[in-house]
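This structure is in structure tokens; I'll ask about it shortly.
The letters A, B, C, D and E name the chains in turn, as written, and every chain counts its residues from 1.
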Amino acid sequence: MNITQVLWWFLSILAILGAILVVISKNPVHSVLWLIVVFVAISGHYILLDAQFLAIVNLIVYAGAIMVLFLFVVMLMNLNTETEPQKNRWLKIAGVITGGALLLVLVAALKRADLKSQVAETNLGDIGLIHNLGISLFHDYVIPFEISSVLFLSAMVGVVVIGKKD
Amino acid sequence: MNAIILSAVWGIVMMFSGVFVKSKTAIRNIGIVGLVVLLIGNYADWMGHHLLVIEVHKMLFFDNFGLLGNSIAFGSTLLLVILSGRDMEKVGHNLAEYYALIFFTLCGITLVTTYNSLLMLFLGIEILSIPLYILTGSEKRNLKGNEAALKYFLMGSFSTGLMLLGIAFLYGASPSGSFVIDDLWTARPAVSPLLLSGLLLLLVSIAFKVSAAPFHFWTPDVYDGAPTVFTSFMATIVKVSIFIGLVRLFDEGFGQNPGQWQVFVAIIAAATLFIGNITAVFQQSVKRMMAYSSIAQAGFMLLALLSLSGVAKDGILLYAAVYSLATIGIFAVLMRMKDYTFEGFNGLARKQPVLAATCTIFLLSLAGIPLTGGFFAKYYMLASVVETGKYMWLVVFAVLCAAVSVYYYFRVIQAMYFKDGEGATELAPSAGFKGVLVLLAALVILLGVWPNALLGQLQHFIYTW
Amino acid sequence: MRTNFFMANLVWLIPALPLAGFLLTGLFRNYLSKGLTGVIGCGTILAAFVLSVLMFGEVRKEEFEPAVITLFDFINVGSLHIPFAFQVDQLSVLFLLIITGVGFLIHLYSTSYMHEEEAPHFARYFSYLNLFVFSMLLLVLGSNFVILFIGWEGVGLCSYLLIGYWFKNMDYNQAAIKAFVMNRIGDLGFLIAIFLMINKFGSVDFETVFSKANGGATVGYLTAITLLLFVGATGKSAQIPLYTWLPDAMAGPTPVSALIHAATMVTAGVYMIARSHVLYDLTPVTQHVVAVVGLATALLAATIALKQNDIKKVLAYSTVSQLGYMFLGLGVGAYTGAVFHVMTHAFFKALLFLGAGSVIHAMGGEQDMRKMGGLAKWLPVTRWTMLIGCIAIAGIPPFSGFFSKDEILSAAFGASPVYYVIGVFTALLTAFYMFRLYATTFMGGFRGGQSDRGATEGHGHSSRQPHESPAAMTIPLVILAVLAAVGGFVGIPEAIKPDAHLLAKFLGPVLGESRSPAASTGVSGGMEWGLMAVSVAVALVGTLWAVGRFSKRPELGEATGFGKVLANKWYVDEFYNAVIVRPLDLLAQFLEFFDKNIVDGIVNGVGGLVQYGSRQLRLLQSGQVGGYVLLMVLGILVLFLVELFTSGTTSVPQVLAPSGGRVPLPH
Amino acid sequence: MIPVLLIVIPLVTGLIAFLLKSERGPRGWALLSSLVTLAVSLWGLSVHKDSTLVKANVEWLPELGSRFSVGLDGLSTILSLLVAVSFPIILIATWRDEYRRPWNFFGLMLLSQAGLMGVFLATDALLFYFFWELALIPVYFLCSQWGGERRIAVTFKFFVYTFVGSLLMLIGLIWIYAHTPGRSFSMEAFYGMRGKIPAKDQMWLFWILFIAFAIKMPIWPLHTWQPDTYEQAPTAVTMVLSALMVKMGVFGLMRWVAPVVPEGTWAWGDTVSTACIIGMIYASLIAIKQDDLKRLIAYSSIAHVGLMCLAIFATTAIGMQGVMIQMFNHGINILGMWVVADLIERKTGTRKISQLGGLAQKAPGLAILLVVVALANIALPLTNAFIGEFLLFSGVFTSTATQYSVVFTVTAAVTIILGAVYTLNMIKRVLYGNVNAVTAGVTDIKLNEKLALGVIVVLIVAVGVYPKPVLELTKETADFILNKMNYKL
Amino acid sequence: MPINYYIFLAVALFCVGVAGVLTRRNAIIIFMCVELMLNSVNLLLVAFSKMHWHAMAATDPSAGINAQLFVFFIMVVAAAEVSVGLAIIVMMYRNTHSIDINFLNRLKH
């Protein structure tokens, strides 16, 4: 087991543990924090996969901006205590079972995948570098890039419409 | 391409019109002008006149199918705005923003109808969804509206997650690592489970968007809670456009080997028909009934996926047009009613014969009675499947469900014509409103007698190019 | 057709005249006076009678050959060709004479008998009567089984209409319906027989069928045909098991009973079988059946007649009994004898009915014999004519009944002595009950006076004193009495005077017997004399016994013991009621329930199921986002499971029709 | 030309009628229109059958392979004639019925006439389906608007019932269309499929097509909509339903099922025939128990139509022509029954047979006409129905399509006895007996009703005595259909 | 690393997210779980990107780059979605002082 593999397992277990803790934490603030942990772990994976740009963006945009926004809202609503009453246990169990079943089914479906020989190259390759990504983004992907401005515009307008006091 | 640019630009124009123009009528007129411009722009695109010539890098693909779909969407929106623009003013103060959001949604629609890459599909779906979340909750003081918006948003983003997982699978399964839909299934001797799983997840997420069972649960609540004018918009223009995108995806992306996945479509279609029609039977509110009706109609439209022949593609366009016209008409009348329950329609034929008569035509069309466009819409769907010779059970099931649909559509007719009541409308409909309704009804009948009016266009363009 | 006979070409006039009478009296019933109605009603029949006589004159000629006169194509479908054509031959002309002759007399009688009716109803009566004559003429003139059937059903209709003539009385209507329905049961048999002929011979023409029957069909097939035809005949001619309508049919006006239910319509069955004797000759099984049924009917009806108190009921059962004789004759091959008996029966039974009508008329509508008695002194003409009728029916020579009955009996003897014995016993009963009737009515003392049943027939005579009927009624009586007395001389048996059987000669070309039937059955002359003597003796015994017994002390009380069984007609009506009518009624009731609750219930149940499903299914729409997502994920799970379990089976490549085309736009 | 006129005249006049907002105006307008239609129909009779006047074929939906093609052959001639004759009679007979908003009523009536004409004249399957529904919709509105107390629910049931059937039929039509060589809905193309549709497919195709017609006729056990609907519909509409719409089913079977899927028809012939016979006896027995005049007639109609259906499956020339002539006859006869029933209801205010009685004294004219019509109903000779039933029964009896022809005939023929029972009982209880409180105030029929019934009686007798013209009219078509049905040839 | 590992890791993360959506009642947490789902997809996409690059780098040095760009767009969309979503949640909270989805039951049946 080389260092990459060790790191891989570590990051994977961290991500999954974090994810589970996101779900089971009673305090929403804890959930947010655990989610940040998951994001960090995933960024670690990106670095393993030589996707440095995405790793940074993930940290900045997700773990930074978005999660802070979440934290603000959680705090705004004063949800830092365990506000969720422990009711409807059956629905929860059903949820867990269903989620587990989905996992099982997906795994069962994908186990037959003819990808066993395929490998995701780690620690090699330059496609994740900002230079290459930039060239591709502003060349081949200029249309989606421009179009996403419409997305932001509409989100902006929307938030204004909803948030503005009448 | 014109349509994408124009709709985005006009969205911005609408935004600023809210700042500079105070008159609501003026805003509405700007919106109408914008829609007309869109229609013209789209037509110009068709004729080969482009505002900008951009290399699209296989991201988009403009063909008659998509452009005609755009035209239907723009035309329907135009009719909706003309008919129900006044009702939009009642929703809240931010009229200009609503128009802006509608235009942004239209932008998303143009992407969904002309995409050629899963990325554009994803972006298109998101661009049309996000304004819809807002529009659903645009009545800020209305708790039902809030609830609808939140439900829609939560479930919508959940389905986005499903869609992305599906796209990821498809990407992983594509031999060359591509998001272009033509390349998804090329030169593939056997189907990999990864591909099929991705396809399924993508199907599920789009089924969610077109409210196919069992992914339809948001629909009744959201349609019920949203302001009626936006319900009308969502239930018609948005839904049928996504259908066009759906047909596009499965035709171009997976059309070569439909035997693999049609069984899933069949299951979903059957479930949708069943749940939509059966649940609609017991509704008390016409608005909610229309929500279930839209589910039921979606079930019929899904039949197009089972053949993907020329007939099916013609049919889905016809269906889109006819269904949109009829539903917009019914919602326009519904918005004028004081009481949205079936009882509220009692005696409408006495008080407002024009409204009742046109509404009857729309309902007959939705039920698929000949002489209305709805008949041919259903006819094309059925014919496309029957031609393949497979899934006859589904066809039979579909017509049985169509028979059930008569039950709830005719309840409205019965209320209007055969029951006594006030048939109270909120305000007396103007002559112009009635005129547009009659025009709409005339269109529905025109499509019912001579469906070439629309399809002939399509064929004409195909053969002249 | 190929006939030079002028009259034959005018044969269509004979039924057309009564039809015209029907239309005139029917359509203008509100405008015609009674006198005019009577003139039209009788006149058309008289004219038809005159034409029939003229025709008879032509038919009698040596060079006459049976002719088929086609009027027009009736049904012409595929290979089936049914012309509307008339058959003119000896048999039909004989019946024409009987129908129009007796018919005219009864019409005449009716003008007086029905005089109490209001003008429109009077006209209605005559229109029905004319329609009846028309149908009857159609029946006997038809040259194929379908035309025969048309007349057959037509007379049934008229019978129905006339039985229910006094339509205010629901019992009469019930009787009318009974008559019609029982006839219909028979008609069904007839109809199926026609279908069998169509199937086998491709035709229903008498000529074709009879010529093809010889060797064209198996005996079994022919037996089926003849049996079914006989079923038709049992309905129309009131044989077992379909005879019960006839006594009930006495609800109609008495002249109707005379014409339809005695003289003409009920003999249609005899006519039909005589007409198709070719078929019957080929099927001995059927012949036996016919004979046995005829004999049984004769005996059964005679026993019932013994205990009836209603004057018309007695006559009705007597009619059934005599019809039984005729069928016995048919069954043993004595077609001439049967037709002969039809003729004589027409005379004396019409006479008896009209006489009974006269009595009822005199009694102010009273029909119960127990309330009569001693009427001889008030009704001399009626009394004497009735006496002649009774003698004739009893079979006492030289009155007509003797000859015809004797012919049948001797033929029956030829077939089987058992037939003969029973036949003679029935003759004894006949003489007995007829003279019971005569004695109870005309002899002894008058027991009436307190007529409480009043005007059941609308005869609201105020005077309680019986009185003789007017001339319009007595003249037909007299004429018929003369005929009943002398009518038998057209058929003098071989034994008495060789070659004197004029009727047999006349009918020979049709019925295929030129000689006396007795001779043909191999009964020797001496034997025949003996048989005659026996039957005469029996008749006399019956006559004297009855006269002796009833002239002084008529039965007035209710019958008891076996007599009660007879008085209640062997409880046959009750039996039919319990075995057929009642179960059908229950079945109908059950089906109505079944229809409403089961068949329609299922239909409504489907609707209800949809409603119920809707109510249950909408509960899925719980409003809970968690629930919705859960269901969505479950849906995904199901789809994936389907995929897991069907993968490999669905991968059948499929080539699709090229889709709408993917035409890029120029950029 | 003529068939187009037959459809267009009622269609256009019907649409115009909606605008004639007066009390009497639309009534006269409708009568005028129907008389014009009748005149055109009679003109059609006089035109030679090869003339271009009796056909029309116009481009309609080229990409669907469907044309607006209509034509008059023997079958459609006699049925369009029936429609054309019936409507004036209906309008005259119900001249005195009062309707709210009569312009709507008569407009819808004329539209339904247009639909009926279209059904009978169409020689294109899609067009046929179009008119099939078009005839149904106005009737739905007519019944729901002007019907009896339970009208909404009952009419709705009727509508959904028939709608289910017609949708299934649509599937069948599409299936055949999809298998025609040139993708065509034309009748010729459909008939050209003879022998080309695999027997296996014909088995289910038969049912999917037949069920629509079976519901319309109706065949037991799909009949339960009928008594309710007849009972609840306004009489004029009931007349349309029973005299004309019922024939749509029989017609459809003859034109669009039997010749198109002959193997299926042969294979299922015995099954359907059994259902027909059960239905005949069943309906006749139930009719005996009915107290409501309209329901009685409804059940009697079920029995009669069952016989027609039975004869179609017999596949004989005699039976086939019997069906055609009997469709006409049954239409006329039942029209007469309804006219009388309507008169009785209007004069006495009730349809309950048990409450009636003695009408013969109060209204002798009515009584006579009722008796004549009733006799036609029980197929007495020299009435039109006798010709029909005689041919039908002999057709069934001589059938070689089934080995049970004798059994079928004999059991089916039991209904002629049962028919006599319920019809005569009805006459007895309605007309005869003594006048009671309900019937005391009854007056005899008026001129318009005399006229309507007079025409009916004349037709009954005329066809009954001299059916030759009608039989000759239908001969060729019957042979044609039979030829198509004999798939083995 | 073999691609299967990534697939199963991503699917596991995804399913944890799904389970979270199914079990939690707090709208914000549900939303966070959705974000978790999106991130698992991102990871998978990047892994596939490298897989395709590994397979095809010889012929196309930029093979697989499109997936990384896709991830970029997913982040864009997620950001926009978050802004709108949180706005809706806040609006809801302002009106009802609760973001418990179990109280979202004014609309049903």
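The rule we apply is simple: a residue touches a chain if its C-beta (ideal position, glycine included) is under 8 Å from a C-beta of that chain, and two chains touch if they have at least 3 such contacts.
Everything quoted here is computed from the prediction, not taken from an experiment.
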Chains touching both chain B and chain E, listed by label: A, C
Distance in touch steps, counted as few as possible, from chain B out to chain C: 1
Per Cα centroids, the chain farthest from chain B: C
Pair of chains joined by more contacts [C-beta pairs], A-C or A-B: A-B
Remotest chain, chain D as reference, centres from CA atoms: A
Geometric centre: closest chain by C-alpha means: D
Where chain A and chain E are represented by their mean Cα positions, the distance between them in whole Å: 6
Euclidean distance of C-alpha centroids - chain B vs chain D, Å: 43
Intercentroid distance (Cα basis), chain E paired with chain C, Å: 94
Chain A-chain D separation of Cα centroids, rounded to whole Å: 70
Multi-chain contact residues (two or more partners), chain D: 160
Junction residues of chain E, two or more chains touched: 3, 7, 14, 17-18, 21-23, 25, 30-31, 48-49, 51, 53, 55, 63-64, 66, 69, 73, 77, 80-81, 84, 88-89, 91, 101-102, 104, 106-108
Where chain C touches two or more other chains, by residue: 618, 621, 623, 625-627, 629-630, 633-634, 636, 640, 643, 647
Chain pairs that touch, as defined at the top of this document: A-B, A-C, A-E, B-C, B-D, B-E, C-D, C-E
Residues of chain E defined as touching chain A within the complex: 1-9, 11-26, 28-29, 31-33, 35-36, 39, 42-43, 46-51, 53-55, 57, 61-66, 68-69, 71-73, 75-84, 86-91, 93, 99-100, 102
Chain C-touching residues of chain A, taken from the complex the two chains share: 91, 94-95, 98-99, 101-102, 105-106, 108-109, 112
Sites on chain B touched by chain A in the complex: 4, 8, 11-12, 15, 54, 56-57, 59-60, 92-94, 97-98, 100-101, 104-105, 107-108, 111, 119-120, 123, 126-127, 130-131, 133-134, 137-138, 140-141, 172, 192-194, 196-197
Residue numbers on chain B that touch chain D, as the complex places them: 314, 364, 369-371, 375, 379, 382-383, 386-387, 389, 392, 395-396, 399-400, 402-403, 406-407, 410, 414, 417-419, 450-452, 455-456, 459
Footprint of chain E on chain B - complex, ascending: 119, 122-123, 126, 130, 133-134, 137, 140-141, 143-144, 146-151, 153-154, 157-158, 160-161, 164-165, 167-168, 171-172, 176-179, 194, 220-221, 224-225
